[in-house]
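Chain IDs A, B, C and D follow the sequence of writing; residue 1 opens each chain.
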Amino acid sequence: MSEAAPAPLDLRTVLGPLELRSPVVTASGTFGYGIEYDGLVDFSRLGAVVVKGLTLEPREGSPPPRICETPSGMLNSIGLENPGVEVFIAEKLPWLVERDVPVIANLNGGTVEEYAQLARRLGDAPGVVAVEANISCPNVDHGGMEFGKDPAQTARVVGAVREATELPLIVKLSPNVTDIVAIARAAVESGANVLSLINTLLGMSIDIFSRRPRLARGKGGLSGPAIKPVAIRMVWEVRRALPEVPLIGMGGILTGADAVEFMLAGASAVAVGTGSFVTPSAANQVLDGLIEYGRHLKLRSLAELVGGVIL
Amino acid sequence: MSEAAPAPLDLRTVLGPLELRSPVVTASGTFGYGIEYDGLVDFSRLGAVVVKGLTLEPREGSPPPRICETPSGMLNSIGLENPGVEVFIAEKLPWLVERDVPVIANLNGGTVEEYAQLARRLGDAPGVVAVEANISCPNVDHGGMEFGKDPAQTARVVGAVREATELPLIVKLSPNVTDIVAIARAAVESGANVLSLINTLLGMSIDIFSRRPRLARGKGGLSGPAIKPVAIRMVWEVRRALPEVPLIGMGGILTGADAVEFMLAGASAVAVGTGSFVTPSAANQVLDGLIEYGRHLKLRSLAELVGGVIL
Amino acid sequence: MPDASGSPPIKDVAAALQTARWLSPIHILLTFRAPTIATHAVPGQFVHLRVTPVGTSPLLRRPFSIAGTNLADGTVRLLVRTIGRGTAMLGELLLGAELPALGPLGRGFPDVRPDREVVLVAGGVGVAPLLFYATAREHARKVALYGAETQLALVLADELAETCDRLLPATDDGTLGHHGFVTDLLPTALDDLRDPVVLACGPRPMMAKTAEVCRRRAVECHVSFEAWLGCGVGACLGCVIPAAGEPDRYVRVCRDGPVFDAEEIGWEALR
Amino acid sequence: MPDASGSPPIKDVAAALQTARWLSPIHILLTFRAPTIATHAVPGQFVHLRVTPVGTSPLLRRPFSIAGTNLADGTVRLLVRTIGRGTAMLGELLLGAELPALGPLGRGFPDVRPDREVVLVAGGVGVAPLLFYATAREHARKVALYGAETQLALVLADELAETCDRLLPATDDGTLGHHGFVTDLLPTALDDLRDPVVLACGPRPMMAKTAEVCRRRAVECHVSFEAWLGCGVGACLGCVIPAAGEPDRYVRVCRDGPVFDAEEIGWEALR
């Protein structure tokens, strides 16, 4: 191998119609609206900020306790607390736009029509480069995960969002299903450009002293390193079945090595979720690790890693 | 509260037609045939030994590597290596029978008829107090988990086993499904006396240096503390839907506190799996912890805990 | 000394353990070198410590109130009660060990005019932020009420006594001071003072009682809350507690607090 | 001293760290007090150590060959190469720390008649079981071949030299002894000996080469294998390697080994 100066590593990440400046984004619900991490993260190195899940109307969310720790993971039932899409656009979005941070809006409806309305409203919003339809939230009573459990329902909601916006459409899938490929296929056939996987695994934890569930709502979503093997498996299954569909991989990413694992399994980009709680600058560190790995292998682009697992 | 000597704590555990002397058993595939733990475990305090999954013919299992570690968990793809039911009865079973250890045989067929044949053959075997039909093994190409993914298939295989044996019938469910209650219901309606849950979550891990999956077979089953929240959630869901059905809970149990959590969620008995790798005497220690908790609460029987979560 | 650049002073730094002293079998006083945190911290703020610099168990950080700062050597003091695995690991740290420390976080105690009289109500390790307060702020009068299970658990009571005009202890077992709840002492203490401000930190029932007493007497009261934290910076919405006013409204302990005006809290809904 | 009660001598004991010595930047020699293990161990056997007495990360135990025993004080020696998190944690243990240690496990080296000549082929930390062997067993002649990346990594070479009649080192970088693979030295070493037995432990390619050389010369050869272990006692079937003979037959490293007659291994299928 030559000892010449290393070729610059191309970080640009193409996800169908969506082009990002780096393959590392933040995972919805774990990075607020960006401002909470002001001064702690170099925003210019994020591919995008995926904001906390939005609904049409403001939502107060679940009663506390809303989170608890589990072995190498955590459970949450935030219940989609958010100020509603209008307040988001008026008060949260401008901060990110001023900083030139591409924004991906995470959409959550109780009905198909609500998803479509959200998509329409965000189509005009400055700085929003894509919408991510979350059909996998385990923490609300209506809508949310119900759509993501079944290919037909998935097709309905994705089809409606597709018609409602010209923006690149990401669909975020639930891992709590028998056949992730069937859901992925339904989403893509109904117009998804990109798939995000995975959302949290449904879990529960009980305090043996009070005998109560540790979360007020009982069940919640499991995230963090504990779920990484499940996430890698699902990314790989979907990649194998639908090799042309760009994927955003997430689930337990703390380091660059974790991100490489997701890319080898088939993800074109990765999202850092719980990792930001462990280390606020985790998304930056993940990118550092990816770059180091890419340089070591003398890659010209990180895209060369995608799906590169050797079977 | 009185300061009198504590009432003796009743450990007997009734699982429908099956009565065990203690609520703590070993999980299939993690305790071999018992003899491997000779001298390390007090067998008289185990409710039963659930032996490694059996097939009609001997199986060589998967190529190595077969296991790898993950955050707070491990992946395995043993591929049901076992000497076949005849060798089991002739060479493995006697050691346990001599020691008066109740044995639960874990059955694995490639076809419905194979499950039935296994059940018939083990009905006569001395010391076997119940059969556990494993319709959830993720590590074989035919049979195994395919049956456990679908209520209709579940009903077929469970019905056939039910007709083939008078022994108490335990059915072990896969967590890799959208609706665990639907599968549980199908199993019970087809004759299952007891349900075991959960088997491993399907996962994958990739070595970023070799770029190969860490397991030769690619995918494997995730076990250990990482999956406990998912297991607790499923035990609770099934308990709520089918409160009369006795459950054996498992998934990440290392301590008595973990076992209490499962019992509060609705398990009448618990199985220790990966925990035995961490601490060979884990099953004994789990029972110690249960007893301590029961004494502390001045319970007369551990059965009083079952389903006792306060919502 | 605010940051000249104008960027927010919250930093994630590698804090090196300088000293560790066991004050009781379950209380440790730790000092960490973390100059940026020491410089910017105000009483009531906290640091979010990663107790496992590598490894994923425990995964989340652990929050601790800042019990004092030393600007000369750039250190912060933490008073830790060992109750679980994360805090136990803090007790086993070697001097010099570096832990990721995020801070200073949250909203601290408000600026109370120096000419006013304050009552500090501390329960258990809730003494930590109040000790910082007592050390850092001047007031016409500072009265401290400090309760714990037993005399041994009244750690740092001597320092509190030095920095306050008066210290009234209480113990559940009567081994020192009032035999009973620390809040039993509050009404009499308030009787003696002119338009006092109450600052409290301790278990939730203690703070609820304190708030109730103050409300009945229309005394200004600020309470510092604990909760399970995820991010610590206001992003995850995991740490909320009920807000006063409309039902089902919440405030974040980590960013809207941990110090709240007692009037901001939905005390009835608190579980 | 076999156990008088007749029960199997494998025990899970709390082994207290007695001494720790860094032999290189990445090699540590540890001695643990574990009398039952020290008493029963034979060369080639290993202990399965829980590096996190509490906590779930890393979850599984870590196996280490016994590098020697001291029956007088009931200790076992382990030579650890730090390559990951578990081994790094061993390097940070305080003296006196107790770790759960399961052992002695596995099948050690066979009984070779004292009047026979042996060649010990060690690669890297594979020297550990061979050093125990050289210390514990008498033979007409003991020749040691010991290879590593560089001179610094040839840890405990002095002890090996003392307990053997001859030590031939090899290094990948030529800093000591033969510049190249340790197996390059094997043919000549064998030429000098009468009906020798070869005992090898090291990386798989090294052992494969050793087995190949021995097979061609019809020399008896025993190899000690490493693999990822789950249970360590033969129960989980996680640690298998291909067996000789029929394809797709496997043997367990932890219980059928770690020491195997080279003829038992399916070398072609080994990945």
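Everything below uses one rule, namely that contacts are C-beta pairs under 8 Å (C-beta built on N, C-alpha and C of every residue); 3 or more make two chains touch, one makes a residue touch a chain.
This one's a predicted model, so the numbers in the text were calculated from it and none came from an experiment.
The set of chains touching subunit B and also touching subunit C is given as A, D.
Comparing the CA-atom centres of all chains against that of subunit A, the greatest distance is found for D. Taking each chain's centre as the average of its CA atoms, subunit A and subunit C sit 35 Å apart.
Centre-to-centre spacing of subunit A and subunit D amounts to 46 Å, using the average Cα coordinate of each chain.
Subunit C and subunit D have CA centres that are 53 Å apart. Multi-chain contact residues of subunit C (touching two or more other chains) are listed as 56-57.
Looking at subunit A, one finds that residues 71-73, 224-226 touch two or more other chains. Judged by the touch criterion defined above, the protein chains are all mutually in contact, each touching every other. Residues 70-73, 75, 149-150, 176-179, 201-206, 208, 210-213, 218-219, 222, 224-230, 232-233, 236, 252, 257, 260-261, 264-265, 293, 308-311 of subunit A are the ones that touch subunit B when the two sit in their complex. The residues of subunit A lying in touch with subunit D in their complex are 71-72. Those residues of subunit D whose C-beta lies close enough to touch subunit B in the complex are 7-12, 50, 56-61, 100, 102, 227-228, 230-242, 248-250, 255, 269, 271. Remark: subunit A residues 29-32, 36-40, 52, 60-61, 63-69, 71-74, 76, 78, 81, 216, 224-226, 254, 274, 276-281 touch subunit C in the complex. Across the complex, subunit B is touched by residues 56-57 of subunit C.
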